[in-house]
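Scroll down for the structure; my scribbles are underneath it.
Residue numbering begins at 1 within each chain, and the chains themselves are lettered A, B, C and D in the order written.
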Amino acid sequence: MHEIDLSKYRIRTDLIVEHLSNIKDYKRYEEVYDDIKIETIELDKDRAKIIDKKEGIYKTIYFDDVTDENNFAKLLDVTIKAIKDLLNSINIKDSDSVLIIGLGNRKATPDALGPLTIDSIKITRQIVELGLPLDKKYRVISSIIPGVMGTTGIETKEIIEGVIDKVKPSFLIVIDALAASSLERINKTIQLTDTGIHPGSGLLNNRFEISKETLGLPVIAIGIPTVVDATTIVSNTINYIFRHFSYEKENIDNKKLKLVPTINRNYKDHDKTLNKEERKEVMGLIGDLSDDEIKALITEVLTPLGYNLLVTPKEIDFVITKLSELLSKALNKSLELN
Amino acid sequence: MHEIDLSKYRIRTDLIVEHLSNIKDYKRYEEVYDDIKIETIELDKDRAKIIDKKEGIYKTIYFDDVTDENNFAKLLDVTIKAIKDLLNSINIKDSDSVLIIGLGNRKATPDALGPLTIDSIKITRQIVELGLPLDKKYRVISSIIPGVMGTTGIETKEIIEGVIDKVKPSFLIVIDALAASSLERINKTIQLTDTGIHPGSGLLNNRFEISKETLGLPVIAIGIPTVVDATTIVSNTINYIFRHFSYEKENIDNKKLKLVPTINRNYKDHDKTLNKEERKEVMGLIGDLSDDEIKALITEVLTPLGYNLLVTPKEIDFVITKLSELLSKALNKSLELN
Amino acid sequence: MHEIDLSKYRIRTDLIVEHLSNIKDYKRYEEVYDDIKIETIELDKDRAKIIDKKEGIYKTIYFDDVTDENNFAKLLDVTIKAIKDLLNSINIKDSDSVLIIGLGNRKATPDALGPLTIDSIKITRQIVELGLPLDKKYRVISSIIPGVMGTTGIETKEIIEGVIDKVKPSFLIVIDALAASSLERINKTIQLTDTGIHPGSGLLNNRFEISKETLGLPVIAIGIPTVVDATTIVSNTINYIFRHFSYEKENIDNKKLKLVPTINRNYKDHDKTLNKEERKEVMGLIGDLSDDEIKALITEVLTPLGYNLLVTPKEIDFVITKLSELLSKALNKSLELN
Amino acid sequence: MHEIDLSKYRIRTDLIVEHLSNIKDYKRYEEVYDDIKIETIELDKDRAKIIDKKEGIYKTIYFDDVTDENNFAKLLDVTIKAIKDLLNSINIKDSDSVLIIGLGNRKATPDALGPLTIDSIKITRQIVELGLPLDKKYRVISSIIPGVMGTTGIETKEIIEGVIDKVKPSFLIVIDALAASSLERINKTIQLTDTGIHPGSGLLNNRFEISKETLGLPVIAIGIPTVVDATTIVSNTINYIFRHFSYEKENIDNKKLKLVPTINRNYKDHDKTLNKEERKEVMGLIGDLSDDEIKALITEVLTPLGYNLLVTPKEIDFVITKLSELLSKALNKSLELN
């Protein structure tokens, strides 16, 4: 059956912040709103090349539980600000029309972020097309849900190109669900960038890229990681094991801690980990490997068994509903004119 | 709110068989399979013009309850035959690739026939695109769900044109929910035609037409009426009242009938109605009007109140599920090569 | 297939306001909030008997388009007030626990009002059950979606009785979609009553009744008409035809009106209709019948053909989403303690 | 928000086959149908006690991809056989009526197995209740979807008890989604048992148990594992690492293998693993721990961070659709009388 193999045909982008350890001296600033943070990275051509990413602006919003009502309201304000700032950074004008594109497969919950967001976007282009007057408050907005290659048989980029040819928008906004390469980012991070959507590397690269370079108009991409693979879960956990041992070791004589059941000892803010020798003691040969080598080994172990699954938290239905509500509300508000 | 006004932006086609009373000597043949019937009409240019329709082949399948399992199986066979016959009539070859388009709004149940059908279409084009060998059994098939202008801001035809430019299919199949102009056809009729989709008349006509004339490649349209307006319900009922009185009059001395409660007297097969004088007696001024004049009057009465609603049977969810399952299975089978 | 026959097994209540023409001197008062109105009727035993209804309080909220954002906000406030007033009228105390029941079939859109409302009710009883402290702001609330007899094989009332035996709530709130007996009430009326849910008449009456009499605890029923049958559409229209002719006659010499296209002449506020003679002239024998006789005739005409469908407006998906959001928000707020 | 904490309130059962390593000499037999296997375990009181399980019959069906059409058809036949055999084993008679219960939360995809299965169960009890004759082919069948405590505020068992009191079925069939304690079982195993549903251990045990002991009538439980926790993924992977190293070591001089890319070397059928010394070399301190100790450590590491997520494969929507279709078809067929 074709349904089960969709992942093969899907573009997968990931978060810039997971690649920054390899470069230095890039522009970076933070805005903090209580427990929500926007981190903005400006990547120039040279540094982008080193980590196989695109030159441009990357804004990453970090937040906690989106299903909490208070959190949601605050996060909405922050997201509106981030979108507006990005629109300003790339000089989008009030008269610029936008085509908003919801990537992903509506029928696979963790992949439905784009289509569900589009469902609640306020579109206005039809008013102009029907020859009616458009309220000054509104920009010309259209939207499309192109589907995924596994269910249309057509490359997403081809559909988008075809529609752009007819609609001729000034710029694009593309919404997509991403794969996280860290357990702690899943459903808790929004990435906005003016660099578009493009796979990190590999053969299919240029063919699928949705960006200013390939389409000839500005492309803002908004992504939220909603899935993670088993390799990531395991390699993350190995690192947590090292941090856990480091924390336990440091607190070995802390009498107060001994009264706390082990399972409740929160080492979340413990930012030290084991040194090379200690790692080897705890994890033998594995402890001697670098992070990338550990990932490669786990991939090697899980893939032949067919167990390197892309997984998503059990509660994904509620979370996706809230995340798409957040994005559509944020877009509706930040695209209004004042 | 934009959601509620969608109907304004939707193309509405209706059934050819509801317009034939005004023309003569057209080609017509019937195939009967138990209680399922295919009626084929071939309309030439001149006759088509008289009733403001397009020249071409119209196949209408009449059936009863699609939610009955046995009926479904039989209807599936008949629908496959009708599609294959139509493909042959217009000389579709095995090497011809097809783009199947599901019109309508997925979020409005009676309008979701097209999108739901597409959800279960077996597509194959991605295999060819990925450079893999395609089983000889399969034609090159792609599909798209363009959405409706009320939610995309883009005319459906523009999206289709844009996608055709990229995909370059040999022919199109377009699925859409229709408005019935008779209570007895709703959810009980499939119309297949090689004339495409186009509104019956009016200003917006050419702008929206999806046909060989406007797109340059064969377009097969498959439609099922799933909604009806209040005017139709009322004007139909007035005609049933006339037939009912005619039946009662004819059977006035039938003693056996008197034992049957009025509500169970089935005049379904009574094909006579009242004459002009009798109609006037039963319905006064209204009885004196022609069918078209009655429709116009009812529209005049209901429209200013906002009560000329498009309605759908309460059970539409079950029916649409079955009808879309029927169409996707019929298409998957009839597009296979042998 | 069983799915299609569900309506047979469903309790159908209707609006009290459609039965008041036959009684006099009942208590009635109105509250008007812009274009939203609450009409409260207090029916005593004797008057209730005349119209085959139950003694008690009936609050009917009249409103326009619930899908309009501003309307929604206002209507929400009005609905909260109406629920609170009704709770006060029957002396519900802060310490009283409530079981909220969503009647109807989740899989049939116009019948899904109850289940969808329950989906967003804030329940609290599990907190108490798990032995945790309940915030003073909250009442003890539980909820259940019993399904319909056509899909469970169990009478709804039996399920409710079984659950009440275990949960032992102080009172019930029951949400249900109703059948309207007027085109103008559909999706535009909320009825609240302390008389519970019970069919208007007939054999099955006591067996299905969900009320204080049959269950032994207060039952508040909240209903919104979402379907209407073809007989209602036709008999309503015949009355509109009479009003239309009356309006046209009265304005026969109004020169200004002649410039307005007939279809735009809004006689909505014209509250006169034709007299007996005029009715007969316009509608012959039919015009000579009383409203009830006309309804009976139409039922007689449509039923044998199978065309006396329960129908719902095409846009029902959007409307039900909004109506259930309204009810759940109104219930969550009005059940809070202060 | 309450939605996100549902897992707390859910009964979680797991697969018997994951607990057998600790007992000996139990009755066990296998039936093999191509690549589908039924494993039947009969557990007596003593052996059941050792592994904290219930005495009774456990049938486990092992299969591969349920979304493959051919597999589905075969698996359906096998499942029908297994259900019929279990009904026979506990002496269910043709005259016995059944109440089928779909546990779980319809709004959380991996937890919706029970409700979705119930949606397509053919129920017949309403025919008898309405006083109509029931076809000899059919047993008296009713069904209910009780919801979960997180959304009803009521313990599932209480709802079931209440309904049983009214409906008085001869036996129960309970459908539920389970948590797997192995990556390889997820969505690939059906467990049938006459021991009902009950958490493996702990305080809440008796309170929630749905079984012959607690309800007084036979309870057949049908479960499919659809979620897995992060601890399981990691501890499974550590074992795969050991097997992988064992395989690599054994094949160190296998020249043919060297031509195969590491990621394609399928050690699936390699059933050896490392010895204690080797484990320690590869994994240091961790390698020295028993399986249970490793699990405990990982739980200790992940829980304080909030990362011990219950996860489900990204494609869960398609899989759940197919699995629930399988169960409802299998139940409909195996409950028919002949």
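Criterion: a residue touches a chain if its C-beta (ideal position, glycine included) is under 8 Å from a C-beta of that chain, and two chains touch if they have at least 3 such contacts.
Remember, predicted model here, so these are calculated numbers, not experimental data.
Novice: Looking at subunit B with subunit C, do both copies bring the same residues to the contact (over half shared) or different ones?
Specialist: same
Novice: Counting only Cα atoms for the centres, state how far subunit B is from subunit D in Å.
Specialist: Their C-alpha centroids are separated by 46 Å.
Novice: Which whole number of Å gives the spacing of the CA centres of subunit B and subunit C?
Specialist: 33
Novice: Considering subunit C alone, which of its residues make contact with at least two other chains?
Specialist: 107 - these are the residues of subunit C that touch more than one other chain.
Novice: Touch graph of the chains shown: is it line, ring, star, complete or other?
Specialist: Looks like a ring, each chain touching just two neighbours.
Novice: Spell out the part of subunit A that touches subunit D in their complex, as residue ranges.
Specialist: 1, 3-4, 6-7, 65, 67-69, 107-111, 183-184, 227-228, 230, 233-234, 236-237, 240-241, 244, 262-268, 280-287, 297-305, 307, 309-319
Novice: Going by the contact rule at the top, pick out the subunit A residues touching subunit B in the complex.
Specialist: Residues 2, 9, 107, 118-119, 122-126, 129-130, 140-147, 149-155, 158-159, 161-167 of subunit A touch subunit B in their complex.
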